[in-house]
Amino acid sequence: MLDNSDNSIKCLDNGFVRLVDSMGGDDAIVQAARVSYGKGTSKVSQDRGLIRYLMRHRHTTPFEMVEFKFHCKMPIFVARQWVRHRTANINEYSLRYSEARDDFYIPKKEHIQFQSALNKQGRMGEVSDELKKKVQSYFEEISDRSFEIYSELNQAGVARELARAVLPVNLYTEWYWKNDLHNLLHFVGLRSDSHAQYEIRVFSDAMAESIKAVAPFAWEAYQDYAVKGLRFSRIEQGILEQNLPNRVIDDIVGDVDYQITATLHSNKPRKEEDLFPLYQQQGGKDTVEDFNLKWESGEIKTGNVRELREFKGKLTSLK
Amino acid sequence: MLDNSDNSIKCLDNGFVRLVDSMGGDDAIVQAARVSYGKGTSKVSQDRGLIRYLMRHRHTTPFEMVEFKFHCKMPIFVARQWVRHRTANINEYSLRYSEARDDFYIPKKEHIQFQSALNKQGRMGEVSDELKKKVQSYFEEISDRSFEIYSELNQAGVARELARAVLPVNLYTEWYWKNDLHNLLHFVGLRSDSHAQYEIRVFSDAMAESIKAVAPFAWEAYQDYAVKGLRFSRIEQGILEQNLPNRVIDDIVGDVDYQITATLHSNKPRKEEDLFPLYQQQGGKDTVEDFNLKWESGEIKTGNVRELREFKGKLTSLK
Amino acid sequence: MLDNSDNSIKCLDNGFVRLVDSMGGDDAIVQAARVSYGKGTSKVSQDRGLIRYLMRHRHTTPFEMVEFKFHCKMPIFVARQWVRHRTANINEYSLRYSEARDDFYIPKKEHIQFQSALNKQGRMGEVSDELKKKVQSYFEEISDRSFEIYSELNQAGVARELARAVLPVNLYTEWYWKNDLHNLLHFVGLRSDSHAQYEIRVFSDAMAESIKAVAPFAWEAYQDYAVKGLRFSRIEQGILEQNLPNRVIDDIVGDVDYQITATLHSNKPRKEEDLFPLYQQQGGKDTVEDFNLKWESGEIKTGNVRELREFKGKLTSLK
Amino acid sequence: MLDNSDNSIKCLDNGFVRLVDSMGGDDAIVQAARVSYGKGTSKVSQDRGLIRYLMRHRHTTPFEMVEFKFHCKMPIFVARQWVRHRTANINEYSLRYSEARDDFYIPKKEHIQFQSALNKQGRMGEVSDELKKKVQSYFEEISDRSFEIYSELNQAGVARELARAVLPVNLYTEWYWKNDLHNLLHFVGLRSDSHAQYEIRVFSDAMAESIKAVAPFAWEAYQDYAVKGLRFSRIEQGILEQNLPNRVIDDIVGDVDYQITATLHSNKPRKEEDLFPLYQQQGGKDTVEDFNLKWESGEIKTGNVRELREFKGKLTSLK
């Protein structure tokens, strides 16, 4: 019934995610940030840097300036998890107004697994083909029988709002769902995580494709600074502080000094005689002989100077 | 499993609403309003008047200062409507973590009705006893069979998060639900309305009992100024303006002048000779003879002076 | 600094509102409603009717599917009122990051008025020219002197975040402000009201122009069903019930029966002999002779059948 | 005017934070979590563990079940930062309704510093006493003069809502501010951070005292898992993976195996002959001789088994 045009991404057996509309992208984040933080000129390379800076420092409001609207179709039990993200605007197909359609989710064999023993909310392990078939046939039995009953009651004139109560939560529903980028990233961060239920993860992954297309720098920054990486708690930090030998930390910090120097040189090439002093200004402690040796080796990676300095700070805090 | 103490109100066959905790009441509304609007002294009679004034003029923020927390148990299809009120905080029983219980909603005969012809989302009319029995037996059939399947899959070790997808939306779930009074009143205004589905209305009505107990003035004011009463649209107002004879309006306005006078006199009794001048100050147009005649009749109602004056303004706008 | 292109609307002496971007319009409301309420075909005339139906019945979620983003510049005391609308996304110019600019609001003479005696939060009455000049010169004095001090402290290197604390609330600030149509209408409903402060009303009125351009049907419906019109409280309704003569109500109801008949006939013309039966079906109580007399008079207005029927219901409730 | 009882905490020269009311505490978090996650029995020691588990795994909804209401008085420029936390309910003193009071923030000498060169939004460095005195006298000058003007305009009958626009943002305002624990922790996390402006930090720190008193386990867990600790980005993780020698990681992991064993033994003491097998089950790789040697040394710290295992996982991911 509803337009299901080319850009829709199939999810599960009969569901989909379709980007209906969006407002703004990486440029809108930069535009908003420039009002707040009075940041100056605007080259694309600087836009990326600014977006990464905002993400790294949790300046989230500029990311709220981008808006996405999706048309989605998913089983009710998926919709029930999804709807808990309260910042979104939602218009859902109503079974009080409209008749239910014969459209149920039947899991594919490869997604039928055992209850995880480790994780109370997960699944794991290989199930016998026989059990898989049984699961599928049970899903089909309940779907068919409940829809048969629903249809009969509907035909007999029973109120739709009541008759629908026999339908199982694998019934497909659909909605328009609109959210801003900040909250959408948070959604994807939680629901594309390996701990999320498979059936919502496919929808989250599908929406992630739209984010990548509409705001690629924001997506990359979110991965680098929020999703990926490692977090050590205060307790873990304490163990690291006690157990990481200072000389190991010094070694890494020493390498970072080279990386900072190489990055500065790469951004704005210096004369050869200025390189060692530059290295020393960064806190480099090697002798000029060692410096020349390593520098010649030509294997020094470059990065972002501000990030590398922040990293040195974190490492040093572990000594 | 969960404490289900005395103050819980039974809803439907196996559901309930229980007020777990609340913060503040009418006094907290008044306290907050006095900061915002710098209102002076604090007698209970004035508290009521202030709360009514706030409600009448849509000063909603003081009502947000009161908080309610409920423990509720309801069928999933009810929870699905309920959760759309996004300002609430919710903790729901999770079928990923915990096993489903054999607990389904079966409608009572008196609540099984036909689809409304007038209202696409309602029900109406008397259904034959035969059909009612059939509806009940179908609800039982799907509930029993789906739970049988669920239990078997569960026993076989299939992941709970998947097995639960065969369960119908008449399965009971439960949650803690916390909201502020302003948004709770809005919820009750919508869900205790005659257009709301019967199965959510009973829960809304149950929560209304808690509001009445915790913030009785706020409840009364909400009924008087938001729920009850009549709203005429711009178009309807136009028809009234053209069709209500001015003398009818004048008659009602004339009566209101008496009511204002009587109220002022009741609040602060005047000498007899000051009554007619007082009446004239309110805009009363009767002669002193007519005034004395009506005043003696002793049937003049009193009200709230400010409200009665606002009412005069509305009536006059219809001339 | 920021692009301030043609479509910006000047507000107060140095402020403005500029629509930066928007997502969706009347069409998006209809699209979302058709998912929820399963409404069928889509002609523009029907779109308007659907939008009016949604507004009349407070189905607000489809209006949340439209998004507006404004760039605005206004005095701090206006921003302080504005920011209380919490659903919006905001990025404001920061005086911690950036230097303040010498840009203050000085009220025009015609907006300098006395404190209202009736309304604790309003202004009224004509002020002498002398006092107006004094007010303006005082605004200028404080603006100039505080900025002088700010600049001197800034030059001396004092932290910006501290130095800015001497600046008065008539200093201009600016922000990006993004909100959905439902909440934007609510904002404009409150802030374009005659009780709102003049200095925020001009900004609200300016944003209203964008709503009219982007979603004209929604704007019209909001005016007809939410802003304009009359609301009678339960108490006022009681007075009307007691005082409105039933025959007056009957007269108006009688007229509405003609309007309904005329509207049905206008939507789908009937044969002449079918008109009186049609009138009777609507509840019309006139004899065929009276009917013919009035019908011939040719002065019967048409309207919306559903609205007229709802109006009859309200009138009858007053008997 | 407003009650300012014992429990209020003085902030800045004339401001304060006072806990007016609260709903729930650590127990309410546990109660809500037990519905969601079906966790079993309830000893206080287990409550702490459950709260820490929820915090570590970002299960935030149970923390929303606790509510705080504060009465606060702070300068307008602080209120302007504060109000950006949009989940709170606020009732603020209105200068449209009420007269301004002669109450301004004058910074103490020790808080007058230079603009930070490193941090565009911070302050740093020692300012001369002369400049400090000048800053204070400027604050006093503007406060006095603006209030003089305001009072004169007020006396002359100029509308309050207009006259107040000459007042500077160091004027004190006050409000009731209500928020749930999850969002309050987020507020304190941001505003008690060293990057926050000193003048809002004192208010944040004062509210933190209330959190510690009302929900001490939640506060502790928030510090351990959200505020304190270290986060390495994807890029930094890459550098660590390349530069941390595997044997260093192995050493730390080896120590953690001892800690896990000691913790299990401390929770439920084992017979001496069962200790080495227990150690091996945890992945311990030392020989029985080495094990006995280290075990006897008696310096093994205990911790939380689940946390220590998660830590091993993170360390191993760096190899």
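Some notes on this structure:
Here the chain labels run A, B, C and D in written order, and each chain numbers its own residues starting at 1.
Heads up, the rule we're going with is that a contact is a pair of C-beta atoms (placed from the backbone, for glycine too) under 8 Å apart; a residue touches a chain by one contact, two chains touch by 3 or more.
Treat the numbers as computed from the prediction; the structure is a model and nothing was measured.
Counted by C-beta pairs in contact, the busier of C-D and A-C is C-D. Our note on geometry: chain A versus chain C, Cα centroid distance of 38 Å, whole angstroms. Chain A and chain D, compared by their mean Cα positions, are separated by 25 Å.
In chain A, the residues that reach two or more other chains under the touch definition are 37, 61, 84, 90, 94, 97, 120. Interchain contacts join each chain to each other chain, per the touch definition above. Contacts from chain C toward chain A in the complex involve residues 2, 20-24, 28, 31-38, 61-62, 64-65, 67, 69, 71, 89-94, 97-98, 174-176, 178, 180. Residues of chain B that touch chain C in their complex: 37, 56, 58, 84, 120, 190, 223-225, 228-237, 239-240, 243-245, 248, 251-252, 255-256, 303-304, 307, 311, 314, 317-318. Residue ranges of chain B in contact with chain A, taken from their complex: 75-77, 80, 83-84, 86-87, 90, 94, 96-97, 105, 107, 111-116, 120-124, 127, 131, 134-135, 138-139, 141-142, 145-146, 149, 152-154, 156-170, 197, 199.
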